[in-house]
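Next up: the structures, one after another.
Here come two complexes built around chain A, the first alongside chain B, the second alongside chain C.
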Partner chain A sequence: MQIKPILSALRRHKAGTFLIAMQIALTLAIVCNALFIIHQRIAHLSEPTGIDEPNIFVIKSEWVGHPDSARVDAMIREDLQVLRQVAGVQNVTPSNSYPLRGSGWDDSVKLKPDQLQDSSGATIYFADQNFIDTLGLKLIAGRNFRADEIGHMDMRYRLAPPVVIVTKALVQKLFPGEDAVGKTIYLIGGPGTIVGVVDLLQAQSVERWASDFAYRSVIIPERLNISLGSFYIVRAQPGQLDSAMHAAVKALFAQNPRRVINDDDGVLSFSDVRSRAYESDRGMAILMGVISVVLLAVTAAGIVGLTSFWVGQRRKQIGVRRALGATRRDILRYFMTENLLISSGGALFGVLLAIAMNLWMVTRFEMHRLSLTYLVIGAVMLLLLGQGAVLAPALRASRVPPVEATRSV
Partner chain B sequence: MSGMFVHNLRLGAASLRRNVLLTALMIMSIGFGVAASMVTFAVFRAVSGDPIPQKSSRLFVPLIDNRGPQYNRHGEPPSALNYTDAMALMRAHKAVKQTMLFPVGLSVMPDDPQRMPFKAVGYATYSDFFSMFDVPFLYGGAWDNGQDESREAVIVISRALNQKLFGGANSVGRQITLDDRQFRIVGVTDTWDPKPRFFDIFDGNLYADPSQIYIPFTYAVGQRIDTYGSNNCGSDGKRGDSWDSWLSGECVWISPWVQLEDAAQVQAYRQFLDGYAREQRDAGRFNWAPNNRLRDVREWLDFQHAVPPESRISLSLALGFLVICLVNTIGLLLAKFMRRAPEIGVRRALGASRADIYRQFLAEAAMVGLAGGALGLVLTAVGMLGLGMVFEPQIARLAHLDLSLVLLTLLVAIGATVFAAFYPTWRAAQVQPAWQLKSN
Partner chain C sequence: MLKMTHLSKVYRTEVVETYALRDFNINVNEGEFVAVTGPSGSGKTTFLTIAGLLETFTGGQYHLDGVEVSNLNDNERSRIRNEKIGFIFQAFNLIPDLNVFDNVEVPLRYRGMKTAERKERIMNALERVGLASRAKHYPAELSGGQQQRVAIARALAGSPRLLLADEPTGNLDTQMARGVMELLEEIHREGATIVMVTHDPELAARAQRNVHIIDGQVVDLAEDPRFHHAVTSARAGSPA
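Showing the complex of A and B:
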C-alpha cells in the first residue's frame, strides 16, 4: 500500500484530519487516566481486612444516662453473656472499633521509653480473649490472650497493657526478620510485651492519611469502658447472619432497655460496613467507567461521521480509481490505512497528553504516576476503535461502482 | 433583521431534518458532553460553595501550637485547641465575639415510656455561637452570657427535634430530659444546616446530618459530658489519665471561633495570640517560639481540603469530556456544512453575502445546540438520580437540579455549539459561487 497518495489526499483535508487526530488524542489522554483511576480504586477496595467478613456483624450500643466506668464494665459483661446465648451466634467480642469503620484509636508505637519520634503508627483495637476467634484472625506466632489477662480501662486511663498481640505488618516494620514474641513495645502509657502475632488485620481507616499504618494494628487485652457506648463484634454461625442480627438486638433490649441502637447504623453486617467504607472509591470507578465508555462512543461516532462525509465527497474519484482497475479491496484498504495514519498521529500526541494530564493530577490530587501499560493499552484500544469505526464507511466506499466515474456529480 | 433571524432559525430547524445521522450524532455528542459537565459541576458547586457568604471573611479559627516543632505535623499547630488554651481565649475576650465548641451526643428520653430513647447530636458551645453564625430562630433565642457563666442547664433545639418531641408547638420554657439530665428549652432554631459545616471540620462533620441540640459548653464540661467527636493527642504523652488531668493535658478536642471586624482587629488578635504563646513559654509550658494561625472561613476550608478530591477530579475530567465533544461537533458540523457546498454556491451566486451565510449557519448551529441542550437536560436529570452511586449520599443529596442549572445547561450547550460552529461556518462562507456552479 502506498502511503504517499494518502498523505497528499489528507493534505487537502487538513481540518478534518486534524480534528479526528485531536479527538483521538484527547480521548486517549482521558481514557488512559480514567482506566488508571479505576484500576487504583479497585485495587484499593479489594484490600483484605483479614477477618471472616461473610459471617460477621457489628452492633453499636450507646448507653442512656451517664453510667460510671465500673457500671459500664458490668453492663458490657452482661451484654456479652446475653449475646453468647443468642441462637446462631458463634462468638462475640467487645471492641472500640473494627477494620473499615473509619474512626477509632490510632496511636504511636515506640521501641524505647525515651524515644522522641514514633517507630510506627498503629491502630489500637481493644479486645478480650475471644477477639481472634470472633474475627477469624490467623495467629501465626505466640499465643492468644488468657481470660485472666483481660482487664478494663477508662477512655482516659494510661494505655499500658502488660501484654499485647500485634500484626505481622507491625512486626515487619519494628523487628524486620526477627521473632517478635517476647519483645517489648512502648505504647503511650508504657511498655507491653508481645505475646502473639496475627497474620492480617487491617487498620480502622482506609483513608489516605491512615495508609502509613494500613495493616499495623495492636490488640490490647482490655475492655474500653466509654460512657458513650461500645461495639460488639459478633460472628454468626455460617448461614445464620440475618437471623442472628435480629435476635441479637432483641436480646440486648430485653436485657437492658436503657440503650440506643440506631436504626440506620446501629447494626451492620460486615458487607454493609465494607460498602460504606468504599462508597467513594466504588463511585469514582463507576463514574470513570461511564465517562470512558461514552467518550469512546462519541469518538467512534465522530470518526464515522467525518469518514462518511469524505466518502460522499470522493465518490467520483473512487469511481475513477475503480475504473482504472483498483479492486474493492484496494479502496477498502485505502480508507483503513488513511484512518490508521490519522489515528497513529493522534495516539502519539495523545500519549504525551495523557502523561501531561497525569503529571498535573499527581501534583494536584496526590495521584500515582501512570504506568506505561495504560498508555500502550489505551493507544491500541483507540487504534482498534478507529479501524472499527471506519469499517462501515470504508465498505460503503468499496461498493462505489466504477460507472460513478462517468457521472457528473 | 429579526424576521431574517427567525427565518434563519427555521432554515436551521429544517436542515436538522436532513442528514439525520450527522445531526443525531452531533446532538448526542453535545448532550452527553454538557450533561457530564453539568452533573459534576452541580456536585462541585454544592461542596465548594461558601457556607456563610455574608460573614466568611469575618469569622476566624485561632490555633495555637501546643505540641512544638518536635511533635507537630509539618510545622502546623493541631487543628483544634486543648481545654487550657480554649479557656484562656474565652477569658481574654479579645475578639468582638468568640465561642468554643465540641460535639455532644445525648440520649433523648421521650416522656411517653412506650417510645424508645434516641440519640440527639449537636454541640456544646457558648451563647455567641448563635449570633456569630447567624443561626435563625423559630421560637425564643440563644441563652445569654450570664447563663454561660452560671453553667445553666438550658438548651436550644432544632426545628426537626421540636417537631419530633412537641409536634412543632412553641416549646420554649419546657423541660426536656437528656441522659437523665433536665434541660430548659430557651430556643428552637429554624432549619439551619450550613454545608459544608465549616465550624466543625475537626470532627469530620463536614457533611453530617443537621445538628439537633446546642447546650452551654460550661455546663457540659461541668457535667463531664464527653466529646462525641475526636480527640487528637500528640506523641508527647501529656494526656492525663483522669477527667481533671485530661482537661489540663495537651490533647486537642475543642474547635475555636472568633469574630473580627476589620484588618486592624485581625492584626491585634494575631498579636494577642503571639503574646499568649510567649507567656506560655515564659511559664515553662511551651519551649518554642509562638507558632499560631488565624484563618478565616474560606482559608480554613481550603486548608482542611473541605472539597472532596473526587469532586475536583471528576469536574476536571468532565470538562475534558466536554472539550472532546466539542471537537467532535466541529468535525461533524464541518462535514454537514461542506456537504451543502453546492447549495451555498447557488445562494451566493443569487446574491447572498458572506454575512448572510454566516448568519444562516450560526443560527443552524444554535438550533443544534438547543437540541443538544434539551438532550443534555434530560441526561443531567438522569445523572442527578445516579449521583448517589458515585458520591457519598451526604454529598449527593446536596446537589440538585434548579432553575439556574437548567439555564446554565442550555446556555453552555448553545454557546459551545455556536463557538464550535465558527470554523465550519467560516469554511462554508469561503465557498466560491462560480466554482460550485461550474461543477454542477
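Showing the complex of A and C:
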C-alpha cells in the first residue's frame, strides 16, 4: 500500500483535505442523529393501540342547538340502537375519546383519598358495557361492566364512578405484582373499585407530555353527555368497514337529521385516525430523511468535485507514474486509498461530533442517547459514499495515458 | 536491445493523416550510448515515446530486449516500463508533493519490492548521483541540476536495461548540463545502454553513435550538413 506517500502528498494539500474531511465529519454527525430520530419516530408511530384497528371506525356527531344532558343521553341511546341495526356493524359504544384521538380526559389517580402526590396519570375513557367488545380489548382479570352499572353524567359532575376497569400498565404502576381486582383507586371525585383489568389500551394522546402514562387508562361506566356532540366507536364485521361507515352515517341522519357529521373528520376509519395522529412524526421522519439525503448528496458532490480537480491538477503527475510503471489499477487504487484516508479521518471526527451533538440534544430536547450502532452504520455509510463518489474521477485518472509524462503543458 | 523495423506512427484525424514516423528503422545494441538527433518536428520525441512504451505505433515491428511489444496489453507494457526502462525527462518530472527519497521510491513501489530492498536501492542511487544528503528535501528546494540528478537516481534505482533520456540537459544552464552529461557518460561506462534524444550537436557528439531523423525517417547525418558539421566540430573539440 502507498499510504505513507499519499499521506505526505495530502500534507501538501491541507486546505482541500481539511475541508472535505470536515464536510464528511459534519455530514456523519447530522446523518447519524437524523437516522436515530427517524428510527425513534418510526418506532413511535408503530406503537400498538391494543384495539382491533382494521375493523374500527369512529363517528363524531355534533348536536344542533343546545340540548340538555338528559336529552343528549336519550339521543345517544337512540343512536346506539340505530347503529346496531346497520348492516355490517358488529358492535358500537359511546365514548368521550379513543386512542390516538389527541384530546380527551386525562386525570390523576391516587391510592388514598388524602394523598397529596398523584400515584399516576391516566386517560379516562367514558364507556358502556360494549366498550371492551367494540374495541376488541382483552380482559385479563375480573369482569366487564354490567348494563345496570352504566350511568350518565355531564361535564359538571365530579368523577366518582363506583366501579372501574383499568389497564394492565396502570395495575403494574399502582399495584406491582398484585391482583388489582377489588382494590380501590381514587379519581378526582372519589373512589372507584377495580372490577376488571384489560391487557392493552393506549392513551388518547401520543404526544411526549403523555408518554408517562401512554398505556395507563381507566374505563368509567358512564356515558358522557356533552351538548356539543358525541363520539361513537363502531366495530364493523371483518371486510365490511367501508360499507358499514357509509350505511352508519345514512342511518344516523335518517334517525335524527338535527345533527352535523363533518365531511372532513365526522367519520374516520381507524387507519385515518392513526395517520392523523402521527402526521407530525411522519413529517419529521421525512424531513430528517430528506435532510440526510441532501447532505449525503452534497458531500458526494464535494468529493467528486475535489477529486476531479485534483485529477485535472495532477494529470502530468499521473502520466509520470504511468511512465514509471504504474498500471491503471495502481492509479485507481491511489485515488481510492487517498479518499479512504480522508474519509476515515473525517468519519473519526464525525463520530465524536455526532456524540457531542446527541449529548447536547439529550440535555436540550430530552432525546435518548445515540446508540453505537448508528455511529458504526453512519461511518460505514460515509466511507462507502466516499468510495462511490471518488470512483468516477479515479477511473478518469486511471485512463490518463503514460505519454502525458512527455507533454510540456 | 532495441530494434525497430519498418515502424510507422500515424496520427489520424477525420480529414488528414500525419506520419510522425515512416518506415523507421533503428537498432541499438546492449551497452551502446546512442544520440537521436534531428530538427524540431522531425519525430525524435515520437520515437522516444514509442521506444519507452508510452505510446503504441501504427505499423512495423519493435523488439525490446528480445520481446516483440506490439501485442502486449497495458499491464504488460507497464511492467516492462517499470522493470526494463529508466526515463530521464527534459522537465525532470519529479512529483512535487513527494520528497527526494519518495520520488526515487515511486517506480520501486510499483514493482512490489520489500521496504528494506527499496531503501537500500534508493540510498545507493542517491549516493550515486551525489544527493544522499538531500533525501528529505522536496523538489522545489533543489536546483534544476539537482532535480535532474534525482530524476537520474529514480531511473537508476530500478536497475533498468535501457535508459531513455529526452533532452536531459534542455532545462539546465551550461555548468549544470555538463555535470548531468558527465554523470550519464559515467553510467554508460559502467555498462548501461542509453538512448538520448537531443537537438544539441555538442551533446550528440559525446554519444558513441548518432542517429539522425528528418521527417520521421532515419537519414544519414550527412544529409543535414549544418548539423553534421556542428557534430563533427564538437567531436574534434573545435567550435562549430
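Going forward, the second predicted complex is superposed on the first by the 407 of 409 C-alpha atoms of A that agree within 3 Å, B and C clash if a C-alpha of one lies under 4 Å from a C-alpha of the other, contacts with A are read in each partner's own complex, and residues count from 1 in each chain.
The definition used in the following text is that a contact is a pair of C-beta atoms (placed from the backbone, for glycine too) under 8 Å apart; a residue touches a chain by one contact, two chains touch by 3 or more.
Remember, it's a predicted structure, so these values are computed and weren't measured experimentally.
Chemist: Regarding the shared-chain residue A:284, is it in contact with chain B (first), chain C (second), both, or neither?
Modeler: A:284: touches chain B, not chain C.
Chemist: Return the chain, chain B or chain C, that is in touch with more residues of chain A.
Modeler: More residues of chain A are touched by B.
Chemist: Let me test your reading of the model: by the given contact rule, A:155 touches which partner, first (chain B), second (chain C), both or neither?
Modeler: In the superposition, A:155 contacts chain B only.
Chemist: A:306 in the overlay: touching chain B, chain C, both, or neither? Say first, second, both or neither.
Modeler: Only chain B is touched by A:306; chain C is not.
Chemist: Scan A:317 for contacts with chain B and chain C and give back first, second, both or neither.
Modeler: second
Chemist: First (chain B), second (chain C), both or neither: which does A:376 touch?
Modeler: neither
Chemist: For A:8, select first, second, both or neither according to whether it touches chain B, chain C, the two together, or no partner.
Modeler: Touch partner of A:8: chain C, not chain B.
Chemist: State whether A:228 touches chain B only (first), chain C only (second), both chains, or neither.
Modeler: After superposition on chain A, A:228 lies in contact with chain B alone.
Chemist: Hey, what residues of chain A end up touching chain B and chain C alike?
Modeler: 408
Chemist: Going by the contact rule set out above, which residues of chain A touch chain B in the complex?
Modeler: Listed in rising order, the residues of chain A that touch chain B are 15-16, 19-20, 22-23, 26-27, 29-30, 33-34, 37, 62-66, 103, 108, 110, 116-118, 155-158, 188-189, 226-228, 257-260, 262, 279-280, 283-284, 286-288, 291, 294-295, 298-299, 301-302, 304-306, 308-309, 312-313, 357, 361, 364-366, 408-409.
Chemist: Given the complex with chain C, which residues does chain A contribute to the contact?
Modeler: 2, 4-5, 8-9, 12-13, 316-317, 320-330, 401-403, 405-406, 408
Chemist: So in the complex, the part of chain C that touches chain A is made up of which residues?
Modeler: 45, 48-49, 52-55, 74-75, 78-79, 81-83, 87, 89, 91, 93, 95-99, 102, 105-107, 109-111, 154, 158, 166
Chemist: Provide the residue numbers of chain B that touch chain A in the complex, in ascending order.
Modeler: Where chain B meets chain A, its residues are 21-22, 25, 28-29, 32-33, 36, 70, 105, 107, 109, 116-119, 179-181, 204, 223-226, 228, 230, 233, 235, 237, 239-243, 245-246, 308-310, 312-314, 316-318, 320-321, 323-325, 327-328, 330-332, 334-336, 338-339, 389-393, 423, 427, 439-440.
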